[in-house]
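In what follows, subunit A forms one complex with subunit B and a second complex with subunit C.
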Partner chain A sequence: MLDDKPAGEEATTRRDALDVARLGLTLGAGDGAVPLLADVTLRVGRGETVGLVGESGSGKSLTARAALGMVPRGARATGRVTVSGVDVLAAGRRALRDLRRTRASMVFQDPRASINPVRRVGDYLTEGLRARGTPAGAAAERARELLGQVGIADPAGAMRRFPHQFSGGMLQRVMIAGALSTEPELLLADEPTTALDVTTQAEVVALLKEMQRARGTGMLFVTHDLDLAAAICDRVYVMYAGRIVEEAPGRALFTAPAHPYTRALLEASPSAHGDRVAIKAVAGRPRALAESPSGCSFRDRCPLADDRCAEAVPAHRTHRASAVACLRPELVSP
Partner chain B sequence: MTARALAAWLGKRALGAVLTIVLASVLIYGALRLVPGDPVLALTAGRRLTPDQIEAVRHRYGLDQGFVRGYLSWAGDALRLDLGTSLNYQTGVSTLISGRLGVSGLLIAYSAVLAVLFGSVVALVSAVRGGLADRAATVLASVTTATPPFVAAIVLLSVFSVGLGWFPATGAGTGLADRLWHLTLPAVAMATATFGVLARVGNAAFAEELRREHVEVARSRGVGGAAVVRRHVVRNALAPLLTVIGLLVAGLFVATAIVETAFGLDGVGSLLVSSVSRRDFPVVQGVGLVAVVLFVAVNTLTDLALPFIDPRVTVGGLGR
Partner chain C sequence: MNTPVLSAVALVKRFGHVTAVDGVGFDLMPGASLGIVGESGSGKTTTARILAGLEEPTSGTVTLAGETVAGQGVTGRSRRARLRHARLLQMIFQDPYGSFDPRQTIARSIAEPLRLHAPGSAKEHRARVAELLDQVGLSERAGRSLPRELSGGQRQRAAIARALGISPRVLVLDEAVAALDVSIQAQVLTLLDDLRRETGISYVFVSHDLAVVRYITDTAIVMRHGRVVERGETERLLRDPQHPYTRLLLDSIPSPDWDLDRVARDRRALDAL
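Here is the complex of A and B:
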């Protein structure tokens, strides 16, 4: 299946699966312009699992979608987004379609809404391959194989059934199989477990990791669940109000968060182990970039903020294992 | 689905259809009894009849019996396709109607095809393109929806028949090609309002499907624009649209009354109009009954088609 990718690409070896550099996104123009993302820089290496964590409205889904060139209507993007060597923001419609057919795919949040309810599951699974010209027979063969790999019993029968005949968890497995059918180098998982119940969540996450590891696919795992991201990702980016505020290896983030927001997020999630303590919600409500204060976006919710935080957006600095956009990370984790 | 579930579901649908027809026929028969004064006077409408004839009419409509028995004997005759005798033509109502059903049927089919074809195309293009196309389609749909068939008929007649002379003003023609040529203006007149409603409803249905997440997902997979529209928008909007189309097409039957009269066509619609003005009660009842049966038939057929278009519509709730 890999052989129908355009030739000549392998010459530029060891590119990252995804490389986002200073991505900015603005809706509209002039006085009414609404900024959505600012200065987002992140990287997903080949075979690497990278988490992108934030509250709703932080811009994590926008960032993931930008990797496929899916920019909201009327929005203007700045910076650079590269998916295995292809400049996504500069790509024309054709190049974008090729990119989506061969290099990058996305697993969406709600499988029920993401798979056309009136078409058969087999139709969904083969659609990506058929779009790039794989013959129907070969595509169906590949789909059956993948269904088996994602743990669906009786793949041949499942191909003929309709989405409503599957449970949410099973349907998410179908979507994962569909996303992997084109053997992408980059898998974007946009809150793939949020719509599922807890026991199913663990299974789906395990499956995603397993499939990703076996294929050496780079994965950007978008979630609001910091604990989950820290547990399964090699590196995690924490997003707040359209900006990346911290980047750290998964484990380090868990033990020594460097940004006050990261710490607040960790404290806000209930722990299954240790003493029972009251859950501390993050004070205030999440901000979008457009309504965030000057300087550090988090300063109006931050217990450590002082006048200096209002002066400018803090630059990323290294503190222990993190790259953090905070002036005083040593107060967060000494 | 099992064969038994399918049979049970079909049986239920058929029962519903029959009940509707029975209820409507009670109303149609009862209308005669609701006429103020002696129903015989309404039936005979001032024609001079001998006492024997009056007695025959009385017996024919069961007026010499109670309502229930009268209805039963009338309905029994109707079931044997005996709808009584026209007071005006002195021929069987069934013969009168069946002789005109060809013209009316073709007219309804012709205008249905026109309305559905142009309505869906305008709806789809305006929904997909948006912007100026969308606004233009909205204006067109509003104007056509607000145009009743008799207005459309007058405009079409004066422009294309009297003015340009492209189409004949009256008559149904002979032979299929000639007949279609004769029926073009009437069909357009009938289709106008239906087209407008369909262009609007269709636009809304397509636009709604276009916003669905699975459409975005398909695009995210590099499926081409035309394929996305065909596979994920048109296919999904088909079920809601079919229900509307069924109702609209059944409603066209009513419009034949005006349009056939305006274009001098000898169809069931013009028969109804002339019979009403001549107080030919048996014919009016007969046409009413036929209209109800056709309406129910069209709607039942659309209902039957739905589970095949949308797999989520289960057959009698047993489909899974």
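Here is the complex of A and C:
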């Protein structure tokens, strides 16, 4: 029994911040059942930044929310989600609340929609700390310190102000301070900079990266912006129609995309840097899992598709630096 | 061909104590495309609304096809003057959903400006609507749909079709592709590019997104706090930005070689001005 302890400790230090294995999500049951996610497998190591990229309906936000046990009403989840050792899908309400309070935090797109407008910023920031048993004085001290770290001038004054007295960028900094106040192992950032101006986005991202690096927090960064994901993430997962179609290191995704969808997205995005190149539109529109064709979901928009693509959902295979769900990635980037 | 189709001279717009637009001016040649780049609070949308006649400038003038349509000497515009303005210049907004009657089919909405501006029989109008739907890549079925039954990209195509119906000389697009998914955004951008080449229409393209502006415009102005801080050929602005703010905007765009320290340096250079 004594011998087990060190081994157990080592397992604890090595475990991932987030581990999602074959996650499926279905709304309703029987003939009317609507599938939302299928076979989503991803992991975020401690201190790692992982991107989850996709267009509308791809299921990227659903995946991130499911990681904290937030599934849509009436939806049934299958598979396994583990956040710092806690089995999220099997956990009760108390365990989940405890998890969100201490070990996993979330930052959303619109800070104004996720903060109580009639409570002072100081109350918002100390709430999580107080719930963990930190005395009021120490919690306030810690909150002021955090506000200073996220670049808010006059932290003591900011504690007394209301959310409407901050600009969008400043309020998002407050949210980041709140999310990191409990020193979580996992931070889920769902389009945290999409509503911000581009120069503010750069500042908030720099801050997020710095805070995360200093604390060794694992971050799942959900975004529609492939360039942003490639710029800041160690690894990126690309989602399409409720499935992960490619996983690759941030840079490789740019230089050598292995899935036709990833390449199509890159070719469709205009760039402000480098030589001016024509953009190529992708025919059709992004699909949700429920309306996607059999076999490969992308095949009705894919220039490389043939009959084999309709037979089954392609299994993930290794091609260069990517794990890709495509039968012929060598045609995408040889 | 050497007279601008649209000119703005020293436009100023004040709301109470706030000066939203402060001395903005430019010329737009027939068939040309001008970008107005800026972030929130830059005054880019107010400028666009003045061009479209939705706001009256506090001072300055707007000249459209040789006629002064806003500014000095233009007071209490008649219905006729407003109709002429709309006939020559149409505007497209970020969210097309808000600009369609939710209870009217797309085809009826597209036909409405025709009934107002273009004399003709109902049959002629129907034929023109079919032609317009085809031009923007929408099916007849989409024409029979209600706005809520279409996707965001389809609605934006419908808004373009409606604006093009009366063959305006200028299209003012305010963040027209900002709400669309990348793959759909590319479809709308290539459509706009093709339309300009085919019809010789001019664009004023208002956007916060330099990459999109690069694709769709020839020249651009960069706005900050209501003022134009830099102007020139779009390609030159991107390759060799002169104003610290343009440099900050450019370096703030994420890319695989993104250098956040450089962004911070740009910010300090700008604040030091």
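By definition in this document, the second predicted complex is superposed on the first by the 322 of 334 C-alpha atoms of A that agree within 3 Å, B and C clash if a C-alpha of one lies under 4 Å from a C-alpha of the other, contacts with A are read in each partner's own complex, and residues count from 1 in each chain.
Everything below uses one rule, namely that a residue touches a chain if its C-beta (ideal position, glycine included) is under 8 Å from a C-beta of that chain, and two chains touch if they have at least 3 such contacts.
Given the structure is predicted, the values throughout are model-derived calculations rather than measurements.
Novice: Determine, under the contact definition given at the top, whether A:Gly128 touches first (subunit B), second (subunit C), both, or neither.
Specialist: In the superposition, A:Gly128 contacts subunit B only.
Novice: According to the stated criteria, A:Thr194 is in contact with first (subunit B), second (subunit C), both, or neither; which is it?
Specialist: It touches nothing on subunit B or subunit C.
Novice: Touching A:Thr318, do we find subunit B (first), subunit C (second), both, or neither?
Specialist: neither
Novice: For A:Ala230, is the partner it touches subunit B (first), subunit C (second), both, or none of the two (neither)?
Specialist: Only subunit C; A:Ala230 stays clear of subunit B.
Novice: Answer with first, second, both or neither: which of subunit B and subunit C does A:Ser114 touch in the superposed model?
Specialist: first
Novice: Residues of subunit A touched by subunit B versus by subunit C: which partner has the larger set?
Specialist: C
Novice: Under the stated touch criterion, which partner chain does A:Ser294 make contact with: subunit B (first), subunit C (second), both, or neither?
Specialist: A:Ser294: touches no partner chain.
Novice: Looking at the overlay, what does A:Thr78 touch: subunit B (first), subunit C (second), both, or neither?
Specialist: neither
Novice: In the complex, go through subunit A and note every residue touching subunit B.
Specialist: Of all residues in subunit A, those touching subunit B are 65, 68, 70, 96-102, 105-106, 108, 110, 113-119, 127-128, 131-132, 162, 164-165, 178, 182.
Novice: Can you name the residues of subunit A that touch subunit C in the complex?
Specialist: Against subunit C, subunit A makes touches at 55-56, 197-203, 205-206, 209, 224-228, 230-232, 250-251, 254-255, 264-265, 268-273, 276, 279-283, 285-286.
Novice: Mind listing the subunit B positions that touch subunit A in their complex?
Specialist: Touch list, subunit B to subunit A: 212-214, 216-224, 227, 231-232, 235-236, 239, 309-312, 320.
Novice: What does subunit C use to touch subunit A in their complex?
Specialist: Those in contact with subunit A are residues 39-40, 151, 153, 181-187, 189-190, 208-212, 214-215, 235, 238, 248-256, 258, 260, 263-264, 267.
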